[in-house]
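Some structures to go through are shown next.
The following pair of complexes shares a single chain, subunit A, combined with subunit B in the former and subunit C in the latter.
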Partner chain A sequence: MSNLIKKDKVIAYVVVSLGAVIMLAPFYFMFVFASHSNSGILSVPPPIFFGDYIVENFNTLIDFLPYFWHNIGLSLFVAVVTTILNLLFCSLAGYAFAMFDFKFKNFLFVGIMATMLLPPFLGMIPTAMIMSQIGWMNDPKALIIPAACGAMGIFMMRQFIASAIPKELVEAARMDGCREFKIYYRVVIPLITPAFGTLGLITFIGSWNNFMGPLVVMNDMKMFTIPLALRALQGTGQIPWGAVAIGAAIAVLPLLFLFVIASRRLIDGLTAGAVKG
Partner chain B sequence: MASVQFSNLEKNYGTTPVVKKINLEIEHGEFIVLLGPSGCGKSTTLRMLAGLESISGGDIYIGDELVNDLHPIERNIAMVFQSYALYPHMTVAQNIGFSLENLKVEKSLRETMVRDVAEVLELTPLLDRKPKDLSGGQRQRVAMGRAMVRTPEVFLFDEPLSNLDAKLRGQMRKEIKALHQKVQTTVIYVTHDQVEAMTLADRIVILNQGKIEQVGRPKEIFDAPKNVFVAKFIGAPEMNIFALSNEQMFSDFELSNINHSGMSIGIRPQNLFLNKKEVKGDQISFIDAEVTGTELLGSSLHIECKYQDKKLVVETATIDTSIKGDIRLYFNKTQTHLFDQNSNTIPR
Partner chain C sequence: MNTTTSHKVSSTLHKVPPKKGSLWLRKGNKIAPYFFISPFFIIFGVFGLFPLLFSLYLSFHYWEPAAGLSAMEWVGLENYVFALQDEWFQKSIYNTVVIALKSGIPQHVVAIPLAFFIHTSFTRWRNTVIGVYFVPYITSTVAISLVFTTLFSRDFGMVNQVLTSLGNFTVADIHVLSWIFPVNNVDWARPEYTKDMISFVVFWRYVGWNTVLYLSALQTIPKDLYEAAIIDGANRYQQFWYVTLPLLKPMAFFAVTLTIIGNLQLFEEPFIITGGTGGIDQAGKTAAMHMYLTAFVESDFGTASAISWILFMMIAGLTWMNHKLLGGSNEE
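Let's turn to the complex of A and B:
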């Protein structure tokens, strides 16, 4: 290996490390601030090591947000159900688009893809109106049903299925006496688990972090999801920063946990299909 | 136990006809090979019979039953795909047993049946492996096992050996033949390889551009091709066929008494000889040609010659590559083929 390449490598490592520090700093300070009092946090310079105010901060959090655990539970419920429904419907639609010929197929597919072009906030007011019309305000259904299937997921599944499952495999199953739905769950699903992992993770994170959706349809504090609840904490005159930090820290734990067990798969899945391999 | 019948079978993709009014009757237990160049509609025909492709026109019967609109399940046909199409997530045993599982065959019976088939195909030690851990030949066997394990009315093979190397191909050919003799089921086998067709078929169906050119026993097709296409497609090196363009040629081939315009004559490279003694039969004739090149293929020699501006190839057993200059080529007149202006064989 030449010196030039070594030097390049060193520079690359330095740049990546610097980037990592910049990205991770807010996380670190979130955990640090969770253990300091408001005055401690607002002092100059701010604290950079853990303090001993964590229990008080947590009590403040519960004072301000009496439904905190309910909010977490609701977020979890919505995210899990949305993810499961997404996996089911996106894979079914993706399978149909990848394997079958039917009338208006291209037209339908373009139509679905076009929905990705619409900015999400464009749907805020119509969503609020529809949900109040059908009486779904403050109902988790209002978050789950509209998000049960999405253009991005359908696209991802279609691409993955088209590259991972040869048409002859489906035909072989048909010759082996499988009805169509059985082909889907006995042959297709086992072969697309990597895509399930990726789409599942993306959907879960998206749902967990979703702020705008619940903002329009949830106005009862008990029915707030966690981003909404934490935001409510900041609208109360003197902002209890320590409580905000500990709330955020707790809210981030499920995602952190998911990342630890699935980051490898997420990266693999995002690049799968890009190159046939 | 089934015969198969195609009646005016048609397939169009959009406005492009791919299979054009095919009529064919296949008897129970027959080994039929659909032979033709790539893109002539062999796979499409097979897939219509399997029920994987819709029919644009005509009828398909299996036994006495019209199956045009039946789902593949109801046709009781087994198919071996060119790519094998094994389920990557299942073991060999699960792959073979999958159709039985779908038929709701009881588990213990299923296992016995899978083991029996594995025994025949020498797959027993591999039953717990996944397809990715098998060689090409072993995958091929699993694909066959999957077709054999239930007793289908008809076996379909779509170029099953084309992904194997030459040696393995020869071996599998023998095994498929043996398998057919054992199970006595109707087999329809698609290939573009004439050696496979000649060695396996009871009858060969030659397809070209979606139409049947000729149906017949291998020897019949080789000895009496119905037209120029079949004559050239069967036999290697391909039959020498050239237009009879002057008087000299008519007299060389002793055709002076026949008065046709646009006729051509064909003779196989194996039926031209350097020595008169080698020619069998008594209607012996000859032509004079000039050597333009040779090609040695181990046990035989291909001599390229020019005869009356036409190119000719002669296959001989001699391996003397120094042959050059003018030569005289002897042949038996009964081994020539005469074609009319529409490229159809003129019976003689």
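Let's turn to the complex of A and C:
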């Protein structure tokens, strides 16, 4: 009996490990291809170890995408500003829902949560039209403002504030004559930095990876975010695969880095809505 | 505005005896929460709700974008009828459903046993293993789909290299695995394989996410249930079948719902993998892609809006059906 279990266990370990290899293989080959010439990548069998063509590939990438540095900067700018606004707005709203009693509170909260059921593609066409009407095409505002306060973030913040901050503490500050906003930034903010970390990471990653949003509002190559810039490489006849791979690596590397340093927090945060809801 | 003024007043009253101040503070206390939640409603009203209503309005109109917003013409349900009768739209729905099933079913069939195994057998490497399976979920879809395009290429792609080397694996001059694996390179760009390629990328991306959902559900199953089962002589498989699976049902309902919702709106993976065209014979064009192309390539915003609402109703309908079939009575 125990022998049978052991044998099963070994088989299962092997299967899980093989699966893990499949999960990681695309990343590995992305980095391998980033270091090989086009003809190297297009040979049979394809390269399975790192080459020495990184600099040339990067130069090719810059040839195809002359604004690549600008694209990176723009992606970073959009992601950072979106994140800061989300932290501010979501924590304020989460604080209100966790600590105050007010008329229509539950109704409003359910309403906010219900907006999560709206699929993003539904707003794609009208958003593009509205942005062009108000002159926000090719303007980072068009990506930042609509994404500045997400329902998911409000939910996370409410959960965290309700569990981390005793109501008495807020009451005490109020008794001492603290203004509401002062309570928020003197009492609440210092206590919710862990939630800021999680929500910040999630928002940053979501914005960095966003493709559908910029696809319909950014049509000037200079104003492309990284995903759009990478996609533009596809339309170039003979696709420079080495350059594509190094571009993809640049897009993915910061995410891998964040994941390695904060994987537990990211996994918990990203599945929080599903697990607790 | 009210809030800020009351704040100002309350701050000038800051040093007066607490009783008088608390009256102002109570008032501030009443208005403050509305002020705190207002950003969401302003942003959602302008960039969420208004676009939705506008798109609903648009879906009942014919509109030539070049002629300006005033040139809209009421056409009733014509856009909906046109979309539903359009054979390319029907095909895109078919593609979406096929990809949704081919990527969705394996996700759960793999994720449940994987979660069970990680839960029962990993201690030290647990977080590493979870991390490895989860990491595809956080990576840029565009970047990784481009990498997959290379891996799936016919003549030099790694996928074909691995598959054909397995297909050509010989024992005593017989290709023993050729009934599962191809002997020659597969042309993944061909219409009959495009959906498989897209499905694999989608599966790869979301299997870890589902595993984490099931893991969290497994952690809530009390240990004594397993102990009772062991006393009754249940082995590991029986424990899995008779204890774990029934108790995973609520989470399975929820995770499958999420998969349905997500898979029916697939856009990025097929868009990048087929180079924005839908592939040969539009075999990889999903409904969301069809909507995008109708709007931004054919400039038919009315029909595209109608398509988006049809798709939305399909998702809502399927979610509701799933609730009826799997949901039972007591879960949310």
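We adopt the following convention: the second predicted complex is superposed on the first by the 236 of 277 C-alpha atoms of A that agree within 3 Å, B and C clash if a C-alpha of one lies under 4 Å from a C-alpha of the other, contacts with A are read in each partner's own complex, and residues count from 1 in each chain.
Here is the rule we go by: a residue touches a chain if its C-beta (ideal position, glycine included) is under 8 Å from a C-beta of that chain, and two chains touch if they have at least 3 such contacts.
Note that this is a predicted model, so its numbers are computed, not measured.
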item	value
Which superposed partner A:187 touches (first subunit B, second subunit C, both, neither)	first
Which of subunit B and subunit C A:179 touches, first, second, both or neither	both
Subunit B versus subunit C as contact partner of A:259, first or second or both or neither	second
Touched partner set for A:226, first subunit B, second subunit C, both or neither	second
Which of subunit B and subunit C A:244 touches, first, second, both or neither	second
Comparison of subunit B and subunit C by subunit A residues contacted	C
First (subunit B), second (subunit C), both or neither touched by A:168	first
Which superposed partner A:102 touches (first subunit B, second subunit C, both, neither)	second
Touching both subunit B and subunit C, residues of subunit A	174-175, 177, 179
Subunit A residues touching subunit C - in the complex, by the definition given at the top	1, 5, 8-9, 12-13, 16, 19-20, 22-27, 29-30, 33, 41-46, 89, 92-93, 95-97, 100, 102, 105, 108, 112, 115, 118-130, 133, 145-146, 148-149, 151, 154, 174-175, 177, 179-181, 184, 205, 208-209, 211-212, 215-216, 226-228, 230-231, 233-235, 241, 244-245, 247-249, 251-252, 255-256, 258-259, 263-264, 266-267, 270-271, 274-275, 277
Residues of subunit A that touch subunit B when the two form their complex	166, 168-169, 171-179, 182, 187, 190-191
Contact set on subunit B toward subunit A in their complex	50-52, 72-73, 77-79, 81-83, 85-89, 98-99, 102-103, 146
Residues of subunit C touching subunit A in the complex	7, 10-11, 14, 18, 21-22, 25, 28-30, 32-34, 36-37, 39-40, 43-44, 47-48, 50-52, 54-55, 58, 69, 110, 114, 117-118, 121, 127, 129-144, 146-148, 150-151, 155-158, 161, 204, 208-209, 212-213, 216, 235-236, 254-255, 258, 261, 265, 267-268, 272, 275-276, 288, 291-292, 295-296, 301, 304-305, 308-309, 311-312, 315, 332
